[in-house]
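Remarks on the structure that follows.
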Amino acid sequence: MLEYTAKIREIARGLLEKGTVDVFIGYRKGSVPMMNEPVLVTDPAQTDVLHWDSHCGLNLCNYLTKRTDRIGIVANGCNSRNIVTHIIENQVKREQLYIVGIPCTGMIDHRAVKRAVNGKEIKGVQENKDTFLVIGKDFEEKFAKKDFLQDNCSVCRHRNPVEYDEMVAEPVEEQEAEDVFADVKTIEKMSPSEKQDFFTQLISSCIRCYACRNVCPLCYCPTCFVDESQPQWVGKSIDPVDTMTFHLLRAFHCAGRCTDCGACERVCPVAIPVRQFTKKLNKDTLELFQWEAGLTLEQRPALDVYRVDDYNDFIL
Amino acid sequence: MENPYLPYPVRIEKIITETEDRNLKTFTFSFINPEHEKKFSYLPGQFAELSIAGKGEIPIGIASSPTEKGYLTFTVNKVGLVTSHLHNMKEGETMGIRGPLGNFYPWEQMQGKNIVIIGGGFAFTTLRSSIIYMLHPENRNKYEDITVVYGARTPGMLLYKQELEEWEKRDDINMHITVDATQDPTWKYNIGFVPTITEQKIKTADNAIAIVCGPPIMIKFTQPVLEKIGFPPERIILSLEMRMKCGIGLCGRCNIGDKYVCKDGPVFSLAQLRDMPPEY
Amino acid sequence: MKGRLFTKKEWDKALRELSKSQKIFVPAKEKDFHNFTVLDNNMEPDFDFQNTRLSPKSIVFPQSERMFEYTLDETSPDAHILKEAPKDFPPQAVVGIRPCDAHAFQIVNVNFDNPEYKDPWWVRRYRATTFVGLGCNEPCSTCFCTSVGGGPFSEKGLDILLHDLGDRFLAKAITEKGIEFLDKIGSGKEASEQTLKKAALEAEAALGKISSSVPTDRLKEKTEIELFDAPFWEKIAFPCINCGTCTYLCPTCWCFDIQDEVFRKEGDRIRNWDSCMFPLFTLHGSGHNPREKKVQRVRQRFMHKLKYYVDKYGNGVACVGCGRCVQFCPVNIDIREVFELMNGY
């Protein structure tokens, strides 16, 4: 994917020079290994900061909410699906956007890499097609990218952008994931008390920083339910019941809209696998309503419309 | 170690609905423990945190003057969780008060000077405290002429209507009460925005200090008027509002630049504000 | 006593013995990172770490803390009256704290312990804590403690400084509290001149391993308003998602919220960490919000740490160079870059 960088810069420069867009949103290379920083470029001469590699795991659609200018933006499969959802939900208009489509081969799980070098400090990571080199103070180790894909990328079936104005390269082959929801099925088989223990343990280190919520493009409510005071739905302390309420309710608010981009899990400072909540809802939405979020601008989301043949077994 | 977060228990003695829209009520409190009243020694300009167990706390300017012994008075606007609950409380109920907090109007600097008080809407509370304080026989001769411009949107929205009338009759204070507009034919005072009336009635800034308290929009338009009359920024005193929690400069919430509105303020001179980032 | 030498086994044994009579916080592995945990028989401390994920500030300043309790039961004579939640502040110790985090406590202390008001919980817990620091033989590449008044073997805020000599710990008492602690530990033997020299050389070498630095010399010069109005804030703030990661991981961030929580007729007043990054932080009851825009909040955080704190206390910047925000900001906003922009403006 490294060859995309030059193309992105070229396209962005052209768009800004011609005035097709007012701003261009992309990534610039991060100041620490395995991180990149979202950047807004307005000057065609500055487009050289734009960068793309296998550490672009945030979701740039997050920065589109309620913008009124004309925006050029890079988007891989999942990001482009979030853009579609954003358009359908009136957070941004299609005419405002020039989407530079990125056929994505997946993001690297930075935590898996750190585990693979036994927690030794990583000074730099150099990518090279299908492999990457991890450099430390007194070691260098090479790894294959396919062994270190983020969890969501390893089961991704929509690597190519679904909505775009221009692609930076030929589409990549879509993966045939063995069992996308294997982890969810494991939890589904648990007894209620086992599930209770599982989830309680999962969120036990949560510090309520809301990084997961804020990095998610779906979470754009002017006042989130955890911030309401009249009435106050959720307490603000780290009480485990309040914390569980936050995670459960947030997942439900994402039902039928989540594209499993993995940004939430990526950014959690205490490494909570928060996708265990949203993945279940994605599975249910797929099975009950045959719906996957953001694949087309032409259809409203399943939980937005009523069909006569909708799943209604729960109605007694 | 003394706990500055612990409120003094108080009893609600009296509740008066001040305004016609019923959103402003004046509460009078007495200390359940008389010891606490001695500790609560304050000067006009300061505020206190009204504390309701189970709901929270709100920072409210003290409307009573220290010369009024035995009780504290606050006028509270109903805007949110705590204030709504407070508005539904009854005389005789128990709650808490923490204070006095913040700094007070520059009483020492004000001695021997003409005092110009300009208030708008329901920000008039600490100004009531100031007026009663100055008019008290023990204090009156410390200050020269006292002129007050106080305006509200309509006659029904004025606070302390009875006291305003009493002060109007006195000859040791010049009252200029105004409303933005009214169709009431019995209205005997001025009609016009506070900045306009200020310009009409305040003729000189000689040996005068102006205390201005009101909504941001009123302050915005009154400030240039005062400057035109000749008030230098050191002699224009403002009282700011800010979202607060601890009220004692520890929780870090209410800062403007390196100042805490709850501790270094809420009273600031315009000269001081000019050096602070405009984030309020 | 210049220094006391312990084999690592001796040290572990002594700590465990002491942990029977007082709480001792040690770094322990938790998933893929380390955090300070209470030492007990069910866990192994791990001093082979660079720094903990969360700073040890929660040892003195827990994320959620009960302040008061009250009853709303009208039949009680004390209904609606707040009572201090009963607490005690027995001596406790944190062992293995890095010099940057210990320095941070000093920086925060001026806020909670001042002549006008003292926070009764923070101050008493701080005074009850013995800080046994562990000098950094291998600073991270994101550490910049030396630029902000600290260092890998700085003694600021510490009662004892440990040197990790491979198979042994050398403990140097810095304060009375430190001497008392070492007396309580008991074991170990007097360190030889040779050992002391070796430790000093390693500390010196560690200084040279700090590879990251930030400029701070001109932060005092500009006025608050000049920096406030600077044009670079929009650019810095763009990627920020206004979460609380930087503030919660930061050892020098201290802002908190006060909340009342009631269950049926009993209630508590609780203090929770809060973050200036959250939009609600400055929302007035009237609906007015002086920092309703993201750029205003981002600017506030950096201005507070690098300018307002400098002006208010004359104590240097409110940053100890621990590097946590650099490593864990979800969008890679780098405070070192902000230092450069502010100092160079």
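All chains are identified by letter, namely A, B and C, in their written order; residue positions are counted from 1 within each chain.
Basically, a residue touches a chain if its C-beta (ideal position, glycine included) is under 8 Å from a C-beta of that chain, and two chains touch if they have at least 3 such contacts.
Computed from a prediction, not measured in an experiment: that's the story for all the values here.
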item	value
Farthest chain (mean CA position) relative to subunit B	A
Innermost chain by mean C-alpha position	C
Interface ranked first by C-beta contact pairs	B-C
Euclidean distance of C-alpha centroids - subunit A vs subunit C, Å	32
Separation of subunit A from subunit B, taking each centre as the mean of its C-alpha atoms, in whole Å	51
Between subunit B and subunit C, centroid-to-centroid distance (C-alpha), Å	39
Subunit B, residues touching no fewer than two other chains	80
Touching two or more other chains - residue numbers and ranges from subunit A	none
Where subunit C touches two or more other chains at once, by residue number	257, 259
Contact footprint of subunit B on subunit A as seen in their complex	229-230, 232
Of all residues in subunit C, those that touch subunit B in their complex	67-68, 70, 72, 79-82, 84, 111-112, 114, 116-120, 123-124, 223-225, 228, 254-260, 262, 267, 269, 274, 276, 281-288, 290-291, 296, 300, 303-304, 307-309, 311-312
Contact footprint of subunit C on subunit B as seen in their complex	1-7, 9, 51-58, 77, 79-80, 83, 93-96, 216, 241-243, 245-246, 248-253, 255, 257-258, 263, 275-277, 279-280
Complex contacts: residues of subunit B adjacent to subunit A	80-81, 84
In the complex, subunit C residues that touch subunit A	30-33, 50, 53-54, 63-64, 138, 140-142, 235, 238-239, 241-245, 248-249, 257, 259, 261, 270, 272, 275, 278-280, 326-328, 330-334, 336-337
